[in-house]
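Quick heads-up: structures coming right below.
What follows is a pair of complexes built around subunit A, which joins subunit B in one and subunit C in the other.
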Partner chain A sequence: MAECHPVGFQWVMEAKRRGATVIHIDPRFTRTSALADTYVPIRAGTDIAFLGGVVNYILGNELDFREYVLAYTNAATIVDESYQDTEDLDGLFSGFDPEKGVYDPGSWQYAGHAPDSGDTDADRETARPLRHESHGPPIPAGTERDETLRHPRCVYQILKRHFARYTPEMVERVCGVPREKFLEVCQAWTRNSGRERTSALVYSVGWTQHTVGVQYIRTGAIIQLLLGNVGRPGGGVLALRGHASIQGSTDIPTLFNLLPGYLPMPHHAQHASFSDWVAAIRHPGQKGFWADARAYAVSLLKAYWGDAATAENDYCYGHLPRMTGDHGTYQTVLNMVDGKVKGYFLLGQNPAVGSAHGRAQRLGMANLDWLVVRDLYLVESATFWKDGPEVATGELVPEECRTEVFFLPAASHVEKEGSFTQTQRLLQWREKAVDPPGDCRSELWFVYHLGRIIRQKLAASTLPRDRAVLDLAWDYPVSGQHDEPSATAVLREINGFEVASGEPVSGYTALKDDGSTACGCWIYSGVFAGGVNQAARRRPGAEQSWVAAEWGWAWPMNRRLLYNRASADPSGRPWSPRKAYVWWDAGKGRWTGHDVPDFEADKDPSYRPPLGATGVAAIAGDDPFVMQSDGKGWLYVPTGLIDGPLPTHYEPAESPVANPLYRQQSNPARKTYPRPDNPLDPISAVFPYVFTVSRLTEHHTAGGMSRHLEYLSELQPEMFIEVSPELAAERGLSHLDWAHVVTARAVVEARVMVTDRLTPLRVAGRTIHQIWLPYHWGGAGLSVGDSANDLFGIVLDPNVLIQESKVGTCDLRPGRRPTGPELRRYVDGYLRRAGLRKG
Partner chain B sequence: MGVRSWIEGWPVYRQLAGDDPTGRGEAVRSPRTAALTSRTETADSVARSVCPYCAVGCGQRVYVSGGRVTQIEGDPDSPISRGRLCPKGAASKSLVTSPRRQRRVLYRRPYGTDWEELDLATAMDMIADRVLAARAQTWEDVDEQGRPLHRTLGIASLGGATLDNEENYLIKKLFTALGALQIENQARI
Partner chain C sequence: MSVAERMGFFTDTSICIGCKACEVACKEWNAIPTDGLDLLGMSFDNTGQLDANTWRHVAFVEQTHDGDLRWLMSSDVCKHCTHAACLDVCPTGSLFRTEFGTVVVQEDICNGCGYCVPACPYGVIDQRQGDGRAWKCTMCYDRIRAGGDGGRAGSGGGLMPACATACPTESIQYGPLDELRDRAARRLEQLHGEGVAQARLYGHDPADGVGGDGAFFLLLDDPEVYGLPPDPVVTTRDLPAMWRRAGLAALAMAAAVVASFVGGSS
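On to the complex of A and B.
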């Protein structure tokens, strides 16, 4: 955190100054470790084993915050009797289909619920679980509970059995963390949690970029729920995201499987008709706010297609494209390699350096009809045809590369107005300082005018497929010498408005399902409440409370802390005075406090839903998790995940050791792309070392915004590899000399940094060496070097289709790598020795 | 200058005799320093902005003189950052003013070995033509069972996490209407 989010880290240091204990768990000692009370080195890819050990410690010693767990989580809920755990099946859950490599989750459900198996394969292909970023998956109403937590099939007991083998000894064996060190973490965490105290858990892509990434975060969430650290000040599971508006581009997604506000992009078989689609979103009979989803869906279609969207034509539902499977970025790139994609837009992203398997990225781009790159600088993805690594190896010859490339310079953040959504869901509006220079234009300008020109060209078309383009509501006011469209007008559309009057709606509860409202993203509804750009609010922090509710605007409804009903006990009183956040004011009959209550403002804590209630009315006065279909925090996930209801330690897709916990080696449901140009090394002596990558403070992602700058290039001038003194001795490497790293995909060279920031670990009775590389470098800019992401293959988490690019296996050799055609022969030699290629 | 004022003007004397024993403030301040005016004081205008790098969302103040960005500093009003910026945020003036920044459209024709210049309006028109051609060549109306597909898998887009919400909204809206599904960004990686 100190390295990659340094200014955010000031608050950790504030907490430390006030007595908080800071624990840092990372394969590599960083600036965060230097400032932490405890640093725990860990083997990359084993966090579920570590965190599972903490769960086992909590349950084994009955250290959970019992009142919170009983009232606010699904610990007491009874699971179906057909459920079988990884304990019963040696690392698999019940329902696994080895042919397809997917689960039928029918047996994971709560007792008494009819199985709703669906098509898990299609769900994996379309990363369906990503929808749950704003709300839990649907389950039928009514659950069987045992408030004593003694029933053998209640979640609490299942959890206890599932994690029983995650002992301190096992943690040591799997993670390479000495048991004393592990127990120190367990004791600090549990001691600092409960009625009077809370602990926060902070993670980043070190957790998400794994074939078990979602389950990493689930394990963290289980601990935080067991300890009562969710929905309370000072608690939480906090994701630190790495781009200025990466949260915004998830909420208002430029993602293939989502529409704004986590509505699903229609699937050709699952959502053939409008009513299928709406029913799949709403799930009639479901508890919680998601039951009003028809209004969100209809309002989105009205925002897209305006007057053309009517009740008679299902609000132009037929205009939406349909998914048939995996259309994610990695499948798309492999399709490019295979010549199936004609044109590609790169809008401020540099996959030649930033995405896994850089060679596939570049060879894919070399096989397009055309490519449009919009960026501030000439990034590697714009120049791969001229000076990319494949030009050097002879795999790509400019005179033979057919891709037509347009480079359009982009406007910078100070040359346009608009909003970013930062990592805590906070929208902050930026004022424009100056006009963009030369041909530089905003993305808003580019997309608006591209759409305008295309609509002009199609104006006389009678083809049915062009209706969706011609019907589009595409009438934004423009101003200035370049006809810049109004970002404010777009934000108003995102907020939503009454169709008849054009007046902005006050929030998503004002949205209607009859076409009388339009709304571009229902979770952002309220950002323009009262006709005021709430994201532009800048009341100084020093002039308001510590919650700072008048700086920017957070979704939903300016709530700064989600599920904050849980900061009060079931009767509505703060768990303790020092942890008071929102509470029930019985005199006024309202929820009140420091933040906007994430609960119906006048719902009495004693409210109990009448029999057969659905939607919001079915949420009891003591159910804080209002976006969950049973109002509870889920320790156990009966539906909605592809790879199991509970986290289980699997080895990474590439690992030097056999899974010490189960016979099942790696995530059985991981998404693979088996093809000759994407080899993965399951476990071989040819690649004996573990490697991991991350960022440096002085550079940003693929370097497009940092390696072209003088100051930053001077601060971190060169690509390097960090190795421990022990590994340097084993491989004959000298500090500052060259070395190269080889994987089944690529070979990368860099200067050697011999440092005790890395340390050999004892794992399963042997020594495991880990090496670390920054992933910022490429061939363009003031500071150039080989790209670490070239080392990775493509294998993904099955829930969200994020690649495993935080761990792999490699060899490490002194000296520089081969150049020219010899380079591929060198890698091929490794593949043959590893048995991954014949001949 | 008398001897006394010469001695009193000496920083070490001022450090020992004055209120600044560590010599980090008034004691070492020269008349030249006192006469300096910072760019932030003489700016024509100040835009309140947000750092474009990571997602912490630090507040920035962008100072403009004569239509040019002259300084970018942390915004002390921000309850998130309290005026601080990291090395990247502090270098963001270079990000926007660097002479290395590309300010003109470039074009590489198929099988070309170097960039050529191209007019922006011409580029926009050519791109629109190519989108329509790719869409026409790869359009899929229905699946094998006659269910609607209404899409093209011939066009893809990548990127959005460095852009504004409003921009992501229009990107998704236009590409969805064009039937392009393979719209992705850094959030997937």
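On to the complex of A and C.
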């Protein structure tokens, strides 16, 4: 966190000053470790084993916050009798189809619930679980419960059996963490949780970049739910995003399978009609706020297509694109390599350096008709065709590269107005400080005018396919010499307005399903309440409460802490005065407190839904998790995940170690792209070391914003490889000498930094060496070097299609790598020795 | 020139996270050239030391004691000494003491003689190659003068020095020196109370060899570990005595000459 979020880290230092204990778990000793009370080195890719060990410690010693767990989680819920655990099936859950590598989740349901009749193939191809970032998937109403938690099929007992073998000894064997160190973490975490105290779990997005990334975070969430650390001040599972407004880019997504506010992008077969689509979102009998999904969906279509969207034409639902399968970024790149893609837009993205398997990225981009790159500088993704690594190896010949590259200079964040959404879901408005120089323009300018010109060119078209573009409500006010569209007008549209009057709505509960309201993103509704840009509020902290509700605006409805009903006990009283946050004021018959209650304001804690209730009325007065279809925090996930209802330790797709827990080596449901240009290493002696990559404070991601600046470049002037003194001795490396790292995909070189900050680990009775590389470098800019992400192949988490780009296996050799055509022959030699290539 | 309160820096290295925002902010505000792109292999330090082109410098010290690793980070800067030798030896008056008690080089007066360079007991001030003039931290004299009150918090005028403004953890604190010394004493007491026995202040004592520093530090180890002299002494300390002695000698000589004439005439 100190490395990549130094500004946010000030609050960790402030907490530490007030007595907080800071524990840092990382394969490598970083600037965060330097300031932590305890540092725990861990083998990359073994986090579920570690956290599963914490779950086992909590359950084995009955240290869970029982009152919270019983009332607010699904611990008491009974699971279907056909469910079989990974403990029964040696690393597989019931329902696995080994031919397809896909689970049928039917047996994972709660008892008495009919299995979801969804199309699991399509769910998998389109990463359906990503929809559940804001809410749980639908389940039928009514669950069987055992409040004593003794029923063998209740979630509590299943969890206990599932993690029983994750003992301190096993953690030591799998993760390389000495058991005393592990127990120290368990004790600190549990001691600091419960009625009087809360602990926060903070992760950076590298945590998600694993074939089991979603399940990493699930394990963290299980611990936090068991300890009562969710929905309470000082608790939570906090995701630190990789750069500014990444939260914003999932809320109003740049993802192929989502529309704004986590509405699903329609699938051609699953959502053939408008009513199919709406029914899939709200689900018949759905509990909670998604029951009003039709209003959100209609209002979104009204925002897109304005007057053209009517009840008669299903609000232009037919204009929405349809998914036909996996359109994720990695499938797209492989399609590019195969010549199936014509054009590609890169807005502030540098996949030639930043994405896994850089060679596939570059060769794919070299096989297009056209490529548009909008960035601050000429980044590698704009120049790879003339000076990339494949030009050096002879795989690319600049004169013959068919891709026409258009580079359009972009305005920086100080040269345009707009909002950022940060990790707390807080929207903060930004003013323009200076005009962008020369031809630099904002993204808003680019997209608006591109759309305007396309619409002009199509104006005379009578083709049905062009209606979607021609019917768009594309009418934003512009100003200045370059006709800059108004970002404020866009925010107003995102907030939503009454179609007749144009007046902004006050929030999503004001949205209608009859076409009388338009709203660009229902969860952001309220950001322009009262006609005021709430995101632009900057009342100083000293002039308001510690919750600082008047700094910016948080979705939904300016709630700073989600599910904060859980900060009070079932009867509505704070769990303790020290941790009071929101509570029930019986005198006034309302929820009140420091934050906006994340609950119906007048719903009495004793409220029980009548039989057959749906929607918000089906949420009981003591069900804090209002976006979950049973109102509970899910320790066990009966539906909605592709790779299992519980997290299980699997080895990374590339690992030098056989899974010590199960015969099943890696996540059986991981998404693979087996093809000759994407080889992955099975366990082999050819690639004996583990490597991991991450960022330095001094540089930003793929370097487009830092390696072109001299003040930042001089602080970390070149690529390097960090190794422990032990590994340096084993491989004959000296400090600052050259060395190269080889994987099944690539070889990269850099100078060596020998440091005690990396340490060999004892894993399953042998020594495992880990190598660390920063991934910022490429061939363009003031500071240049080989790209560490070239080392990775393409293998993904099945739930959300994110790549495993934080762990792999490699070899390490002294000296510089080969150059020219010899380089590929060198890598091919490794592939042959590893048995990955014949001949 | 009216004399304002003496302003200073208190750099609390126990909360430095090594982000180097101070180095970048300093260079941006003062438009300082880079030191060049060199991988030094000194942990994460690639600017090496304070010099003409680096006026804030973050040191990274990796230590291993009994298998336990410690990574010390510390942002160094000109000490703005109470008794500043650079100022004493400057023949042109380019170096001067400001109304805030800080020591500043006037770049339009400096003639590049370089006398100040060996005079500094900390090795801070340096001549820029190809330019010849001496350069160092000004405690952002132009920023703290804006508004004229030294940028005291809440006063509404003046700006804090760039490094202190950029520092995310308030490891670099700027303010009236007396207040900073009080704050530092309380912080030291807190750390000692938490069992951080090695914590100590450096440059805070007006009785030390430079009369106390305008920029002082809280360190977690011996000053030498961070590349700081353990017992700095103003290099011009003995000058007055030397001049006195030289003067006495000259007087004695003159007296002898006079006496010889007087004697000769007798």
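A few notes on this one:
In the analysis below, the second predicted complex is superposed on the first by the 838 of 839 C-alpha atoms of A that agree within 3 Å, B and C clash if a C-alpha of one lies under 4 Å from a C-alpha of the other, contacts with A are read in each partner's own complex, and residues count from 1 in each chain.
Here, a contact is a pair of C-beta atoms (placed from the backbone, for glycine too) under 8 Å apart; a residue touches a chain by one contact, two chains touch by 3 or more.
On a predicted model such as this, the values are computed, not experimentally measured, just so you know.
When both complexes are superposed on subunit A, subunit B and subunit C occupy overlapping space and clash. Within the superposed three-chain model, A:Ala586 lies out of touch with both subunit B and subunit C [touch as defined at top].
By the touch criterion stated above, A:Val532 is placed in contact with neither subunit B nor subunit C.
Of the two partner chains, subunit C is the only one touched by A:Tyr39; subunit B is not. In the superposition on chain A, contact of A:Leu259 is made with subunit B only, not with subunit C. After overlaying the two complexes on the shared chain, residue contacts for A:Pro717 are found with subunit C alone; subunit B is out of touch.
By the touch criterion defined above, A:Pro6 reaches both subunit B and subunit C.
When subunit A is checked against subunit B and against subunit C, the one touching more of its residues turns out to be B. In the overlay built on the shared chain, the residue A:Leu782 is in contact with subunit B and with subunit C. With both structures placed on the common chain, the touch criterion links A:Lys416 to subunit B but leaves subunit C unconnected. Of the two partner chains placed by superposition, only subunit C is touched by A:Leu736; subunit B is not.
Stretch 1-9 is the one among 1-9, 55-63 or 181-189 where subunit C clashes with subunit B after the superposition on chain A.
Shared contact residues of subunit A, touching subunit B in one structure and subunit C in the other: 6-7, 10, 697-698, 710-712, 715, 782.
Those residues of subunit A that touch subunit C in the complex are listed here as 2, 6-7, 9-10, 13, 17, 29, 31-35, 39, 696-698, 710-718, 720, 735-736, 751, 753, 755-757, 782-783.
Subunit B makes touch with subunit A in their complex at residues 45, 47-59, 62, 64, 67-69, 72, 76-82, 84-92, 94-96, 98, 100-115, 118, 120, 123-135, 137-139, 141, 143, 147-174, 176-189.
If you check the complex, the residues on subunit C that touch subunit A are 15, 17-21, 23-24, 27-28, 34-39, 41, 43-44, 46-47, 62, 64, 69-73, 168-170.
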